[in-house]
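What follows is chain A paired twice: with chain B in the first complex and chain C in the second.
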Partner chain A sequence: MFDFIVQFLGVSSQALFGQLLIGLINGAFYALLSLGLAVIFGMLNVINFTHGAQYMMGAFGAWMLLHYLGIPYWGALILVPVIIGAFGILLERLLLSRLYHLDHLYGLLLTFGLALILEGLFRKQYGSSGLPYNNPLPGGIHLGFMFLPWYRGWVVLISIVVCLATWFMIEKTKLGSYLRAATENPTLVRAFGINVPRMMTLTYGFGVGLAALAGVLAAPIYSVNPIMGSNLIIVVFAVVVIGGMGSIMGSIVTGFGLGVIEGLTKVFYPEASNTVIFIIMAIVLLIRPAGLFGTPR
Partner chain B sequence: MRWKALAVSAVTAFAAPAAMAQISDGVIKIGVMNDQSGLYADLSGQGSVWATRRAIEDYCKTTKCEKIEVVFADHQNKPDIGSTTVRQWFDVDKVDVVVDVPTSSVALAVNNITKEKNKVFLVSGAAASDLTGKACSPNTVHWTYDTWALANGTGNAVVKTGGDTWFFLTADYAFGHALERDTAAVVEKSGGKVVGRVRHPFPGQDFSSFLLQAQQSKAKIIGLANAGSDTTNSIKQAAEFGIVQGGQKLAGLLVFITDVHALGLQTAQGLILTEAWYWNQTDANRAFSADFEKANKGNKPTMVQAGVYSAVYHYLKAVHELKSDADGSAVVTKMKATPTEDALFGKGEIRADGRKIHDMHLFEVKAPSESKGAWDYYKHRATIPAAEAFRPVDQGDCPLVKK
Partner chain C sequence: MKNYDMPIFAVLIALLILAPMAIYPVFLMKVLCFALFALAFNLLIGYVGLLSFGHAMFFGFSAYISAYTVKVWGWPTEIGIIAGTAVAALLGLVAGSLAIRRQGIYFAMVTLALAQMVFFFCLQAPFTGGEDGIQAVPRRPLLGFIDITSDLNFYYVVLAIFAAGFLIIYRAIHSPFGQVLKAIRENEARAISLGYHVDQYKLLAFVLSATLTGLAGSTKAIVFQLASLTDVAWQMSGEAVLMTLVGGMGTVFGPIVGAAIIITMQNYLAGFGEWVLVIQGAIFVLTVLLFRRGVVGEIAALATRLTRRSEPKI
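What follows is the complex of A and B.
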């Protein structure tokens, strides 16, 4: 069967395996970013358009820690999500929390505006061509069909762990059940003596932290520049929509899945690789408007 | 995601002598259009606006100038936005000359409109050699470099050192296609072979998939027919995937000094590249760069920004000799008839097809140990004399050239 596919498509199985793996690696970024968005949307009903900018700030955070304070990558991996997450908490307390009682669109407009401001500020300060950041894990391993850089392997590993841990926390723990309940009926949950606003704030901070973590992970392999987030965020939104807005497992599975599909498109028809995700999004919206894993609200 | 920044900026006013009565609306209005916010903003952007003002300042030191105004706009690398802006400039804002315009697809659109409206177009940022080939125009001068010159410089040098099989990683728009076409021609002419190509969306982010295809092609050279952060991302990721350790070499066909700065010498060292201008070559260049650096957040100017300076300087000279800026093609004809000379590019000329001719330079990026300080990035490998640096005038299929 596999031989048939290989022959039919006219590529070697080596090339196919390689592209599948690369798709999976890129999918790791999509999954991590869309997870943050899904958590924020699922729990707060906020469409967080600042996510791309927060991802960019994560990458810049890693660069700044190294450049100004000499803190290497591994330290940044812990520190940056915490710092940027705290920034997210500030944002939520000062601005976003005032919009919860309004339509989704207001949150979207606010976060979109903030994203433009943040990108503009970073561009003003650091220019647009990017900053250097060295790979902390150079080298790699020959798998027979391709060369797997250690660093890419590390990215896949950490993102799978973080994704599953987040899913477990929200779907399987007591804290997660509070969160889900608070989304359904905040007044009732408050009546049980649970501090719902604080929970919302921490959830937003956590979602932002995830974006920042993805940013730190991206710094050694992508150009660290102010527009790195806006290039990616649209794709990530498509991933979230395909997976189902607010569905945690949906965003993880779709993130990895679409990475693979995009990777394969890059082999068979590279010109379409930027579009393929949106074509899938259109089809999914026609057939299942709530997304593959979403439930209609 | 990016805004259009259209702002009337410096108004350089000087006493207007009566002799200059033919200047349309009494003011020479220069429109600098480029990428102000995206991936090409550092290599053109506000730096090009600064260079324009500097050229006016320097020119008017020795010559009496009338009123000269500079406006600028962000075309966001989109041909539709560029076209709309330029039409408004010509029809409403009375702009006389458009300068810079990186991103070849936008430049080709502006090229048509400038001809239609009989204004002047001085290209510095865009690369497609079609601007002086099939699409050449009596209203356009292509100043700094083009895809043919890059291919000729880098392509030739690489083939000569044994890189005779090529795989292209090409940005999927006019510029990438032109650069790939011109380089492939050079490679094949020098006895090399192109074994494959892949076209990536512009702008791209992850190139690993394309690099893997390049790796599997077993080509000795992977030619990067892209620019800006597409190039830096490709180089960064090629290092990560062990492409160079695997015995393949990268040829960055269009690498600006800002890209080298973004990559860091550790990653960029050893790259061979072709440039028209480097800040550390002459005293005049260093002086210009020192002032540029103060005004532009510590960055050094790219060849694009230096080219803007040189082009604007020569334009003003032609307008003054002609005593009019009203007829665009007449100004360009005058520019072609007058030898060029300025502090940054020295002496040169503009050919009938609109191609500005000067020496090009082959550089190699230094290793971190060789660099003596910030922005000390290039080792000079060879000078490609003006006569050989650009496509022979009769080979471009430009209708303006009489055969």
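What follows is the complex of A and C.
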């Protein structure tokens, strides 16, 4: 059947499924990052422009742990999100929490400034040419119609697991119900004796941790580069506009879906592969301004 | 309260006329182009409350158009600048009608994404010269007789363009149209309930802002004889935001002061490479945390406090 599809479309199956896999991997990063953005926005009403820089720091964190302390990939996968998440908590306590009483735009401007600082510091220290990070899972398997490298399969798998776990935690657990209630009406939830400011801090740390996890996952695939975050975050913003930030599952589905569409565009019309997500965003704005999973406000 | 805007503007123009005696004209032209850019940006954030994170698309794309028409098609300088401005207006109409469909934080993300689309278009389109940009754009005599190969002559032309742009914006924000814009900024729901077609007002303000940004961008391309990817990249949008924030959002003169501060800083720090990015980021953070009203806004607040103290108590 695959042969039939392949003949029908006139592209080689290696190219088609190879790009589909790359699309799924990009989609995994879009999903992890837009999920983090959505969780943070829901709770703090802040669009975290530093998200891209925190993703970049995740990749650098993995590289630094390996090169300075000799901690391998699997250790970094646990340690880096915790360390960068703690760094996020520090940012939230020291800076971001001072702006909650103001217009949301100030949060955006503050996090934009932080992103510039972080990107600049890493560029100063490590240059912008990129550092290599060895693949912890070399090799792969021939599936007949394509070659699946183990590591890429692992990235798709772990991202889906993390996304679903996050969805489960927010939609199905008691902690998640507090979170959703506090998103809806923080004053009332506070009146019930729940420490909302602490929940906000932890939520920010969690979102940042997700970004750092995406960074660690990305390190062996792309070279570890100070500008990897700012390029990605703009696409993720478009993903968030398309999906709308109202629904957790919506963010996940939109992220993976757009990654796959982008991968397919690379096969059939490579000239548009950089812009296809933005074009979809424009179309969605025309047809459904609130986003696919958003509710009009 | 008395309005000192026009006397201040007259003094500013007088100082700018004398400025080339002390300051290098190319530097002054750069400040003026960016000041006009920031003024146009401030029209949206300061008076309609819309934060555009994509104004580089108008600045950079108009620069490409004016550089290309003047260099490759051999159009006269003034027609090239007008062409760049007109294309920016058109682009503003398209981008604006998409972006105003969302509010607040989403508006910022939509404009940023649209600008990134324009960036990739400029990166791939053959006419922009890719990474090299369009270089060595000729400075042909303006209107056929004003020799602008002399930096000093051209400076006065740029000053005239800047002054015209300032007056257009000033007129717009002090007209009934501008009052409606401010009403939308303060309370959009109420403006709608009063019967104003809010979307039309927003779109018109967006197009006006894009057009004047285009004027700044096309002029900049002739001044530096160059249009490149730097002009259309997201960092450029960030610079417009930074200049306006530092000078004072929603103030008449803030963007000019902000542009002067940031361009001067970039000039002195040019040798520090990556530190410029760090310092710009730090200025963002400090301004947002400590003096959100910006330089001009803080001075105005101080002046209000002083005059209030000197007034006799009733």
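The rule is simple: the second predicted complex is superposed on the first by the 276 of 297 C-alpha atoms of A that agree within 3 Å, B and C clash if a C-alpha of one lies under 4 Å from a C-alpha of the other, contacts with A are read in each partner's own complex, and residues count from 1 in each chain.
Operating definition for what follows: a residue touches a chain if its C-beta (ideal position, glycine included) is under 8 Å from a C-beta of that chain, and two chains touch if they have at least 3 such contacts.
Note that the coordinates shown come from a computational prediction; the quantities given were computed from them, not determined experimentally.
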item	value
Clash or fit, chain B versus chain C on superposed chain A	clash
Partner chain in contact with A:Val260 - chain B first, chain C second, else both or neither	neither
Which of chain B and chain C A:Gly23 touches, first, second, both or neither	first
Which superposed partner A:Glu271 touches (first chain B, second chain C, both, neither)	both
Partner chain in contact with A:Leu116 - chain B first, chain C second, else both or neither	both
Chain B versus chain C as contact partner of A:Ala238, first or second or both or neither	second
First (chain B), second (chain C), both or neither touched by A:Arg98	second
Contacts of A:Gly130 with chain B and chain C, given as first, second, both or neither	first
Chain B versus chain C as contact partner of A:Leu35, first or second or both or neither	neither
First, second, both or neither for A:Ser230, with chain B first and chain C second	both
Overlapping contact positions on chain A, where the chain C interface meets the chain B interface	115-116, 119-120, 123, 230, 271, 274
Chain A partner contacts - residues on chain C that touch it in the complex	45, 51, 98-99, 101-106, 108-110, 112-114, 116-117, 120-121, 123-124, 234, 238, 241, 245, 273-278, 280-285, 288-289, 292
Residues of chain A that touch chain B when the two form their complex	12, 14-15, 18-19, 22-23, 25-26, 115-116, 119-120, 123, 125, 127-132, 134-135, 138-140, 146-147, 149, 151-152, 220-223, 225, 227-228, 230-232, 263, 266-267, 270-271, 273-274
Chain B - residues contacting chain A, complex	1, 3, 35, 37-43, 45, 172, 198-201, 203-206, 208-210, 212-213, 215-216, 228-229, 232-233, 236-237, 239-242, 246, 258-259, 261-264, 266-267, 297, 299
Residue ranges of chain A touching chain C (in the complex, touch as defined)	41, 47, 95, 98-99, 102, 104-106, 108-110, 112-121, 123-124, 230, 234-235, 237-238, 240-241, 271, 274-275, 278-279, 281-282, 285-286, 289, 297
